[in-house]
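I have placed the structure first, in the form of structure tokens, so that the comments after it can refer back to it.
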Amino acid sequence: MEDFSPHLDALLDLAFQEDVGHQDVTTDAVVPVDARADARVMAKQPMVVFGLGVLSRVFQRVDDTIWVDRHVKDGDPVGVGTAVATVKGPARGILTAERLALNLLMRLSGIATLTRAMKTGLRDHPQCRLLDTRKTTSGMRALEKAAVRAGGGTNHRTGLFDGILIKDNHIAVAGSVTEAINRARKTAHHLLKIECEVVDIQGVKDAIAAGADAILLDNMDDATTAESVKIIRAAGRAIFIEASGNMTMQRIPKVAALGVDGISVGALTHSATSVDFSLEFSVSATA
Amino acid sequence: MEDFSPHLDALLDLAFQEDVGHQDVTTDAVVPVDARADARVMAKQPMVVFGLGVLSRVFQRVDDTIWVDRHVKDGDPVGVGTAVATVKGPARGILTAERLALNLLMRLSGIATLTRAMKTGLRDHPQCRLLDTRKTTSGMRALEKAAVRAGGGTNHRTGLFDGILIKDNHIAVAGSVTEAINRARKTAHHLLKIECEVVDIQGVKDAIAAGADAILLDNMDDATTAESVKIIRAAGRAIFIEASGNMTMQRIPKVAALGVDGISVGALTHSATSVDFSLEFSVSATA
Amino acid sequence: MEDFSPHLDALLDLAFQEDVGHQDVTTDAVVPVDARADARVMAKQPMVVFGLGVLSRVFQRVDDTIWVDRHVKDGDPVGVGTAVATVKGPARGILTAERLALNLLMRLSGIATLTRAMKTGLRDHPQCRLLDTRKTTSGMRALEKAAVRAGGGTNHRTGLFDGILIKDNHIAVAGSVTEAINRARKTAHHLLKIECEVVDIQGVKDAIAAGADAILLDNMDDATTAESVKIIRAAGRAIFIEASGNMTMQRIPKVAALGVDGISVGALTHSATSVDFSLEFSVSATA
Amino acid sequence: MEDFSPHLDALLDLAFQEDVGHQDVTTDAVVPVDARADARVMAKQPMVVFGLGVLSRVFQRVDDTIWVDRHVKDGDPVGVGTAVATVKGPARGILTAERLALNLLMRLSGIATLTRAMKTGLRDHPQCRLLDTRKTTSGMRALEKAAVRAGGGTNHRTGLFDGILIKDNHIAVAGSVTEAINRARKTAHHLLKIECEVVDIQGVKDAIAAGADAILLDNMDDATTAESVKIIRAAGRAIFIEASGNMTMQRIPKVAALGVDGISVGALTHSATSVDFSLEFSVSATA
Amino acid sequence: MEDFSPHLDALLDLAFQEDVGHQDVTTDAVVPVDARADARVMAKQPMVVFGLGVLSRVFQRVDDTIWVDRHVKDGDPVGVGTAVATVKGPARGILTAERLALNLLMRLSGIATLTRAMKTGLRDHPQCRLLDTRKTTSGMRALEKAAVRAGGGTNHRTGLFDGILIKDNHIAVAGSVTEAINRARKTAHHLLKIECEVVDIQGVKDAIAAGADAILLDNMDDATTAESVKIIRAAGRAIFIEASGNMTMQRIPKVAALGVDGISVGALTHSATSVDFSLEFSVSATA
Amino acid sequence: MEDFSPHLDALLDLAFQEDVGHQDVTTDAVVPVDARADARVMAKQPMVVFGLGVLSRVFQRVDDTIWVDRHVKDGDPVGVGTAVATVKGPARGILTAERLALNLLMRLSGIATLTRAMKTGLRDHPQCRLLDTRKTTSGMRALEKAAVRAGGGTNHRTGLFDGILIKDNHIAVAGSVTEAINRARKTAHHLLKIECEVVDIQGVKDAIAAGADAILLDNMDDATTAESVKIIRAAGRAIFIEASGNMTMQRIPKVAALGVDGISVGALTHSATSVDFSLEFSVSATA
């Protein structure tokens, strides 16, 4: 988690401000300052765990004497009833941080779990990447993209700043696929590839002719996808082929079989449901 | 939206940093600085709209000459194909802000829509509040709680700072319901009520005896809930009765019929799915 | 102090910026970087001490190798000439931080001391709370409210966000006490009590009838207060009675004797004068 | 007020966070969003007003459609019952901002009023400056120093960064007045004068000999002060003479008569009491 | 300038804090608040102007009633004595902002001017890009890269986040060019090209074999560069060829003639000297 | 470095954001998380080193387990091939921080080296200060002024807030040197000296007559400078004489010989060129 902790801390600032504010009035009233507790974080369903680093960070931001002992690693698949971590320390801090820590762990593990499940559809197509999108939760992109990686997926560009993806509306303004790609090539720095979204065979041909480095086949049916792949592979140079558009568990292996290099699935981050954890709390000492 | 704009701006700072960074390299390359566009925000399914203020704010943060014209009000139910707003201005800004704006609008409208749906289950029990919880998305609590209100729900406490809710783990540390409530009463300021979570009839009786202002019946079956309500109503003073625990569309009216004052549903914010919008983009002028 | 350190750090950021800026030019010129000193913080008058945690934080923000040894606890009463703490470490940091540290300690101890003094007036009325108000110094509310607690007072609501207190101007807008209370009850979450400010017997009756949970008797004479208490106690339910309005040391026991539950005193934070401390500085080593 | 608004805004950020937090729950519940009000800010005692710019800023930070009309200027003396400003606009914003705005205005006007009063003691000694100190409220230095100017006082250095003032503890570390002044002269930039605090005649002589530009006579009796002035004036160069130490209204003219150039009074900012204002609120329109 | 104003504002925050602090004590003392002035910004040498947007922003941050009228456009070449802009408004703000505004304008125009000069060396090689590097001034990268564009240069990657450039030390850790490129290809998202730095012919061959998208010929002599270009062009796919290493005005055309696609020059930002501007100030009104 | 670390950290925040952003994609892909390295920072030319504290801070901000061992002290002169520091720790962090760390070290050492060189011109005039100016890099003033000190220079005022320097444009607004100085004396606090810029003998006389504490002889020829010095020294009181205007290595000793107290040289910070360092990197362990 260390890699993106500056951004994580900014998110936690917001989260603590909105959830804890000036004080956890219940805990501070009811729990003595010297009460200590152990709390085991239990998986209540089979899953791929991701977010143990975040979990630690949340507890330690509230009280840096809380110790989080990880029993599994981020990215590990675990079964029902697995204790993924034990949290030890002052009971006040544990109770104040509990909800925020679990909310994040549940959501991130949900994304890792869904990604792993969808990735199994590519078991017979190891050359095909399962890609995420920009349809992430505001403020959590780095975390959610790390969860995708933990689940076996591969990241698409991070944001609008580190990849060129020309979409239909860009083409509408530029006037044509050719013009749009030419404009992009002129000003983009030389380490950025140019991907162009197309919706039909003519678009594919235009994109190839204009020199696209990658082509996004958006919402095509299987036949059109297959023909597009054939045309692109005949272009005489390496062009990355991405397919997108309402990809489901069922559809992913079929599309992969058509020969594309990657399938992007907004649902990985957008529609993942949280997986369930519980906190087994036990008082270890009270004044 | 004006009420929570400081917090909203902090969230948008994070969101723009992670999505736009130093530049939208595609748009800046392909779209001329003086190209202008109109974009209609279209509902693609029946829904309760919420988040038009957020939508405006996102576009105007990117370019304050973008004008967002609202055709409906936050909280309005709309049908498929309704244009809820029109966005006009520089094409660059519209394209750069599009994804972030839609992501937020889709999520918030999803919450309002789910809340409205669940609220219909209380049609015959107008005295019973449909309550949200703290299971919100990190950084979006104020927005999500506003969406719940727009859908007809009522907010529970905002966070740990503006309401006392004694949970099982608090009781475990304090030793008993009575002790926990006594401690809370001693230090809490006099405008905060004390709510106590209980799981059985003995807990109900203890909470009444200790002077709880509100009692949360957690995960009780209907018979126990009914008996609890009966005991509480006989206490001779006003006590707010909240029921919680895996509440579904089906279960809500049944539990309301048992006479509780409110039903809290984590799913309102935690499991709401985004509703679908599209942006109908048309170039209005290009150099 | 740990509880409110995030907010405290924000205040100290401002305070260091305005007092130290880029450099303490005198100390950096005159005091060698390796000079070390001991400094004893001496109480120059009888007082209740509060703010030793703040004192530590100020010194350690300037130089985290400065060690502050506390000889008494926050909330302790001490006599003239008591050394409440010893500060040891680099002389530069001690001299640069001295004024800010003492200013805060003197003000906070002044509040604790005044609170303790006023609290003695309630010696025969232990059921009556001595309450603070929102008339605190901008930026120092959490600190000043902690000082009130250290002196034996009880906090009122923290701010406008965690308690409902309907004042005369609210009533003026709503049209009547009844309408104001009804509106508040409709939207407030169920863990917030509703307090209503009244100035005469009719107001008391209206507030009871409208279901107020607490009633603030503002600027009433003793006879009216007594009658109000009698009416409220006859209401058949628990209503918290607060009295306010130019409360002095003399008046507090008299009003408490009338049977109110709490007396709020703006002067606790607004008119407390700083108590006096000195720093006995001795050079322990110089290059 | 414009000069120090960046710092003012940082202070207001803290103040709004601690007082308003996520919402003024009373006002938002009771006062309709379209209710409008006029509020006259009335002086309840004779005073020198200071802080009308701050008052405006507070109201406009809450709602920038609130209009504050100033009837007097900062620094004006006013009598009981003077309306110093009228605040017009949405009733919600006015009520939410009221306490913070008044708290600041009352404190700052209190400082200006006390300064004016003490300044009258220098009526016959126009060459003698009435100086403030660093004993200001944390976070409010720029505001409080402006209030001193408004009351006729003159500012001392702003903080530790824009003036050299060698105090007893600095001398203790350096070993002697001479050594301390020499060290300061060596590294200080050439536009900073060097002031040295002394407590006796020997100190005065040492400071002159070492080339001090200003000498602070700390806690001297009148005879010693008089002799010090005589010695300093005989030094053959311009040396600023400052006197300090428990200066009262009575003592100020006497010390000024001894011929010093300035008298510094911590009480100007440290012990000023707030002056009283009230807000005459009238509803101008309600839905 | 609008594109990078958030980052610019953060830089200006630092710059104003270090230069203006709490107050411009000279200007506030000497210049009446209502004095107004006109100031013409004059080029004192031939140059390519860049930074007029920054100039405006600096003046308007100090006082938003200052009006900056631009007489030329960013990127325009101008001769000695050209008035590039006129600044009108309150004299105080103009004088306080002057130095910061000119410092930035002089440095940025210096970069644009040097870039234009070096670009002339590519007059006969229009296919060869003149590239900048990461050797920019801390905090000014976006501004300096915009200045390079204004001078006719092309940007390299913005930072470490939007382009893969494998350098000698990366190769040292990975063990070989092949291993380094393979690792990069595995985790990089598909829109990032992979560039590899090499220092000899073997490196060129390894990089081609491993599938590099771009090859950086570092510090090669002309003969080795020529041979490298020949080998790379024979690779049968498009590979961008960058040359770097102490490139001078004299060497640039020679290296371009060897057939490379781009020449990167740290000196564009690192060694550009400021060009000279003066401010012709005239008082337009004083009280 | 500790003295200005708050400001330094703000600058590094900007620098890391613009250079590293969300991730160093090359290093994270190519370098294993457990690879460790040693890197020696080698001086490639004779120089005065300054910035080792900054260097440490940069590496430790990226990874606080990186250890920087300093072999020389800030301010030391070193020869070609000197290892000034060794950096040890995780290879990832070292590679990610390398460029930013070296850029700062090279620029700051360049300033220290140039200052030392120019200072040699004052070898025979030890009473004459070599002064810096406000022509520093935005955001780096504290660092650059520390580098000047390390090279043997003396700082002028830090910014507009801690010294009064009346320039030609101030005089233009005030109407005369006399009026400008009088205004400054009236409001400036008593520890600030007043310096006045003059361009001819009449200006010198006016400034003396008006009581200036320091006089800046701007762009005068040697004869006029000499006459100015003579007139000022005859004034009968200590007045600091500063000379400025295109001072070069050649001209500095000549001007010093004319008897001025200080010579200010914008070039110290404005035109210093970076000195050269290299990083000798060796892998110490890889997984």
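For clarity, chains are labelled A, B, C, D, E and F in written order, and residue numbers in each chain start from 1.
Here is the rule we go by: contacts are C-beta pairs under 8 Å (C-beta built on N, C-alpha and C of every residue); 3 or more make two chains touch, one makes a residue touch a chain.
On a predicted model such as this, the values are computed, not experimentally measured, just so you know.
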item	value
Copies chain E and chain B - interface residue numbers shared by over half, same or different	different
Listed pair (C-F, E-F or D-F) duplicating the A-C contact set, over half by residue number	C-F
Remotest chain, chain C as reference, centres from CA atoms	E
Distance-maximising chain from chain B - centres being C-alpha averages	F
Distance from the mean Cα position of chain E to that of chain D, given in whole angstrom	46
Chain A and chain B: spacing of chain centres that average the CA atoms, whole Å	23
Length of the line joining the C-alpha centres of chain A and chain E, rounded to whole Å	34
Multi-chain contact residues (two or more partners), chain F	7, 18, 21-23, 28, 142, 158, 161-165, 187, 192
List of chain C residues in touch with chain F within their complex	16, 21-23, 28, 63
Residues of chain E touching chain B in the complex	2-4, 6-7, 142, 158, 161-162
Interface residues, chain C side, partner chain E - complex	18, 21-22
Interfacial residue positions of chain B with respect to chain C in the complex	129, 131, 154-158, 161-165, 187, 189-193, 195, 213-214, 237-238, 240, 242, 261-262
Touch list for chain D against partner chain C, complex	7, 10-12, 14-15, 17-32, 35, 37, 91, 95-96, 98-100, 103-104, 134-142, 158-167, 169-170, 172-175, 180, 183-184, 186-188, 192, 270-271, 273-274, 279, 281-283, 286
